[in-house]
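Next come two complexes built around chain A: one with chain B, the other with chain C.
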Partner chain A sequence: MTVDTILKNSAILPGNLPTHYLRVNREQWLQTAADMRKENATLLSLWGADDRDRDGGFRIFAAYLLPRVVLVVEYFLTDTVAPSYSSIASFFPVAARMQRAVHDLLGISTEAPDTRGWLRHGGWPETTFPLRKDFDGDQQYPVAAAPYSFVSVEGDGVHEIAVGPVHAGTIEPGHFRFSVVGEKVLRLEERLGYTHKGVAKLFEKTLQRDGHRLAARLSGDSAVAFSWAYCVSLESITGTVCPNRALWLRALALEQERIANHLGDLGALGNDAGFAFSLTQFSKLKEDLLRVNATAFGARYLMDYVVPGGVALDLTTEARGALLTFYDALEPSVIRMHSIFEEHAGVQDRFREAGRLEKETAEQLGAIGLVARASGIACDLRAHPCSKPYDALTPKISIQTEGDVAARAQIRFEEVLESLRLCRKILADIAAGAVHATVPVAKENQIGIGLIEGWRGPVMIALETGPDESIRRCHAHDPSWQNWPLLEYAILGNIVPDFPLINKSFNLSYSGQDG
Partner chain B sequence: MKTLTFVRQFGEVLLAIAIAPLFAGWIAQCRAWLQNRSAPPLVQPYRMLRKLFQKDVALAADASRLFRATPYVLFGTMVLAAAIIPSIATDLPFAQAADAIALIGLFATARVFLSLAAMDIGTAFGSMGARRDMMIGFLAEPALLMVLFNAFLFSGSTALPGVVEASATHGSFIDPSLIFAAIAFLMVLLAENARIPIDNPATHLELTMIHEAMVLEYSARHLALVEWSSDLKLLNYACIGFALFLPWGIATHGADGTAALALAAVALLAKLVVAGGIFALIESLSAKLRIFRAPEYLATAFLLAVLGLLVHLLLGA
Partner chain C sequence: MWNTLARILQTGLLTESPPAPDDSASIHDTMQSDLRKILGRALCIRHVDAGSCNGCELEIVALNNPYYNIEGAGIKFVASPRHADMLLVTGPVSVNMEEALRRTYDAMPDPKWVVSVGDCGACGGVFGKSYASRGGVADVLPVNASVCGCPPSPTAILSTILNTVRPLDEKGKK
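Moving on, here comes the complex of A and B:
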């Protein structure tokens, strides 16, 4: 089927982007995936839901991003004893880990050969599935860790280096298994899931009006993106019209978040190349930004600034002045640091050619966000398919073709400067008016999709409402799901001591993907 | 007189042991200033040592006697090296027993023990650090030898006190060959002491570590001794550099009364202050090299030292 036929047969879902909704059977599930692959769609997320109490079966969802629309495909599984569906990993390799996660949480399986647990690390029994409705979230189980078999590489002089989950620095936990010969990396296999907190289960106990707070805390560096995605999904379900001023302020907050994270990453990138000067300079700039955040938005990391119906605080004239003064100080500093990076032979030698992700690999594996843009793929939800208020701001997308650490650093520099331009434009053109609208209680059993381009890439919330302002199911998806597997490819052929630098240039979220 | 010589000898060793952490603290302070950070206090390394000595040792289950003995071996070799190097006076009984080539042997002994101890535990990081350190070592040692040969050619002696005495008596030693040798020596010093651009002493990234990877499993008093030996090693290298290239102020044989010794001590401190600043500047300005650039870097050092030798031979001493 062509996209047009598919879209013609589909219903419309509430969402901030044009969202279509297609119910399929077992064969169509696989066929749609094949069609989407042919259309070069991107798999945004794959998740499941236990609807046995309501409809007598499970549901599995896949969200695809097409050039102009989002397509959500739903397959209803009537088999409640051994529910299974067809793996779409052959069309979208990124689905493999999501399917393993769905199995860990809901017990819905595929025929895919990899049956190792992804999120389940022995924290609950193999026959228990925490996201099923009959599971009690307060139930405690003794940890029964089982061995996890990594794919082994054999050959003369090949050996393994096991790193993590506890690292020498204060960073999030994840395990990396390198197969190396000498210093050269032959294969890297990641094992994540150490920070699985059961956020999806916790959403079921959360009221709709409080959900944005939980969403913001899934991955603290993307608080604005997640809470905005949540709020916009709830607003689309209830038909709330967010005041224009509030939308613009949300965009301002999102760009502040983008600048903060990029500044932090750029400093850390230099530091990982042994250029400690960059860390102190960028840390200072980031700290200045966080302090301005505290005055202008009431929170350093912008927690709970975006609320359903609008934003928590209006921007005062003093705050506007503080932001403008800060931008005037920040811009020359960033430009100066950019030229220092560019002219520093040592830094450039480490950055160039390191961790190259070819465009073909990135396309085949479904890269998204910043990582995809560094490998020459033009994708940015702020520009297309564009949603409010970015239609009035016309952001310029940064694209690099090299796909190496230098490209990912360059994207960050360009995006910081572009975000500064957007922030100034917002402050110049923002309309006066209310910053909050009342959100009515949503009808039950409604699904809404919120998609926001966070600093890593598109952040997605799929919200399904329950009775009495409850949340029936809320699936939060971090773009790190897509880009973690790409890191395994970017490191191939590089040397072990370059891994931290390459990893930092991706800077993916552990907490966000573990859920 | 004999007793006085030994008092001088032990005084010099004790001074080296005492100020080694201070030198490391001074470099850290300069580096912090150059990078726009507020600096840790100068005595921070001493506080760290005190803290570590007060802690209980956590030992890996597979650690053998070698692992436990290595910190003492390291510290012992570095103290011995400090006894050989004429940092304040040249009339040192120990220095007569061992020349500069034996000194390189001492450093090599320390390296072998540390590498063995790192592999003893059987962790991936220990072996990784050990093999990287061995790679750096076998490239750095020839370069260092070449630097020393430069000095030996000048003085006609393979003992460091002899080199200092010679330059004190001959006077004019601003010589092109020594400039080549000095640059080569500085490069070797940075590589051998696990500093940028070869290694990063401040890193927390276990996969990039060289020296730090080898000592990851050490704790408490063992770690204190390892850290202290590292500080001593750096000080020793700096003092070798002073003896070879900047011997001003060192009390020579026969002119080493109390006043001369005091002057020598002041000169040493002044040189350390300047050297620390230079190290911090180099570290702040450069990034860490990709590890496979290290051979090029050390080959350059070797080449410079050889060039120094050639210049000396061709210009005709």
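Moving on, here comes the complex of A and C:
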């Protein structure tokens, strides 16, 4: 089927971007995936739900991003004894890990050969599925760790290096298994899931009005993006109109979050190339930003700033002044640091050609967000014509074609400067008015999709309401799901000592992926 | 090169005084000599993320920025638990990280301190106890002190680290 036919046959779903909803059978599930691949759609997320208590079966969902619309495909599984569906990993390789996660949480399987646990490391019994409705979620089990078989590389002089889950620095936990000859990496296999905290199950014990707090804490560095995505999904379901001023303040907070993370990454990237000066400089600039956040938004990290119906705090005149003063100081510093990076032979030598992700690979594997833009793929939800309030701000998308560490650093430099422009424009043009609207209690069994371009890429919330202000199901998706597998490709042929640098240039979320 | 040097000169020295602990007016002048008296050397900290959302990590990393300059005060984050005096733990302890956390603790030489960072480390925070989370750090390891906050500020983290070390000035290490 062509996209037009698919969309004609589909229903409309509440969401901040135009969202279509298609119910399919077993064959159509696979056929739709094939059609979406042909249309060069991006797989946004894949998740499941246990609806046996309501209508006697399980559901599996896939969300695809087409150039103008989002398509959510739903397949209803009536077999409750051995529920299964067809793997779409041959069309969208990034689906493989999501499908393994769906099995760990719901016990719905595919025919895919890789049946290793992804989120389940032996912390709960193999026959227990935490997201099933008949599981209460509070039960604790002793860990019965089972061995995890990594794919081994054989040959003369090949050996393995095992790293993690506890890493050498102050970063999140995960395991990397390198197969190397000398210093050269032949293969990298990631094992994630260490920070799985059962967020999806917790949502089902959370009231609709409190869900944004949990969403913000899925990945602390993307708190604004996730809480906004949650709030907009709830607002879409309830038909709440978020006041214009609140929307603009959300965008201001999101751009502050983007700048903060990019500054931190640029400092760390220089440092990983042996240029400690850059860490000192950028960590100073980031600290300046966090202190302005504390003045302007009431907190250094904006965990609870975006709330259903608007934002928690209006921006005062003093706060506006503090932000503008900060921007005036930040801009020349970033421009100067950029030229220092450009002129530094040592930094350029380490950055260029390192961890290259070709456009073709990135497209085939379904890269999204910053990583995709550094490999020449133009994608940024902020540029979508329906993306409010960005439609009034006309953000410029940064694109690089080289796909190496230098390209991912360059994207960050450009995006910091572009975000600065957006922030100034927001402060210049923001309308007066309320910053909060009342959100009514949602009707039950409604699904809403929230999609926000966070600093890493699009974060998605799929919210389904229950009775009495409860949440029936809430699926939160971090773009790191898509980009983690790409890191395994980007490292190929590079040397082990370049891994920290290449990894940093991706800077993916562990917690956001693990849920 | 000139550009870099000019930038360094222009930035100047930014390091601020560390926070005063609850019971003393100023620790700034005495912190280094206290650390030397108590430990005989610098304070070495091993950080473990036991399931955090990454918010607390960002504030711990901020302690190394030029404003707090924690390394300049003789406090160092180390890569191996074998080198550490203090274990700084963030996050609720996820079931999947429980063993790694215990092993890190066991790998540290005695005597040792454990400080939990953030609301999650203190009590599990928004994640609480569940099939996937053991709750706070104290549910898994003996904890000497906790810093609350979501995330706590670098000043709050530094203040608790100093307070944890300080009382032993009189008593000696346990």
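Here, the second predicted complex is superposed on the first by the 513 of 515 C-alpha atoms of A that agree within 3 Å, B and C clash if a C-alpha of one lies under 4 Å from a C-alpha of the other, contacts with A are read in each partner's own complex, and residues count from 1 in each chain.
Note that a contact is a pair of C-beta atoms (placed from the backbone, for glycine too) under 8 Å apart; a residue touches a chain by one contact, two chains touch by 3 or more.
Please read these numbers as outputs of a predicted model, since none were measured by experiment.
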item	value
First (chain B), second (chain C), both or neither touched by A:499	first
Contacts of A:168 with chain B and chain C, given as first, second, both or neither	both
Which of chain B and chain C A:223 touches, first, second, both or neither	second
Touching partner for A:145 - first (chain B), second (chain C), both, neither	second
Which of chain B and chain C A:272 touches, first, second, both or neither	first
Partner chain in contact with A:181 - chain B first, chain C second, else both or neither	neither
Which of chain B and chain C A:335 touches, first, second, both or neither	neither
Touching partner for A:287 - first (chain B), second (chain C), both, neither	second
Touching partner for A:11 - first (chain B), second (chain C), both, neither	neither
Residue contacts on chain A - larger count, chain B or chain C	C
Contact residues of chain A, present in both the chain B and the chain C interface	168-170, 277, 279-281, 284, 344
Chain C-facing residues of chain A, complex	119, 121, 123-124, 128, 130, 135, 137-141, 143, 145, 165-166, 168-173, 193-199, 201-202, 213-214, 217-221, 223, 264, 277, 279-281, 283-284, 286-287, 290, 300-301, 303, 336-337, 339-340, 343-344, 509-511, 514
Complex contacts: residues of chain B adjacent to chain A	31, 34-37, 124-125, 128, 196-197, 200, 202-209, 216, 283-284, 286-293
Residues of chain C that touch chain A when the two form their complex	3-4, 7-8, 11, 14, 47-62, 64-67, 77, 79-80, 91-92, 94-100, 104, 125-134, 150-151, 153
Of chain A, residues touching chain B in the complex	159-163, 167-170, 183, 270, 272-277, 279-281, 284, 344, 346-347, 349-350, 495-500
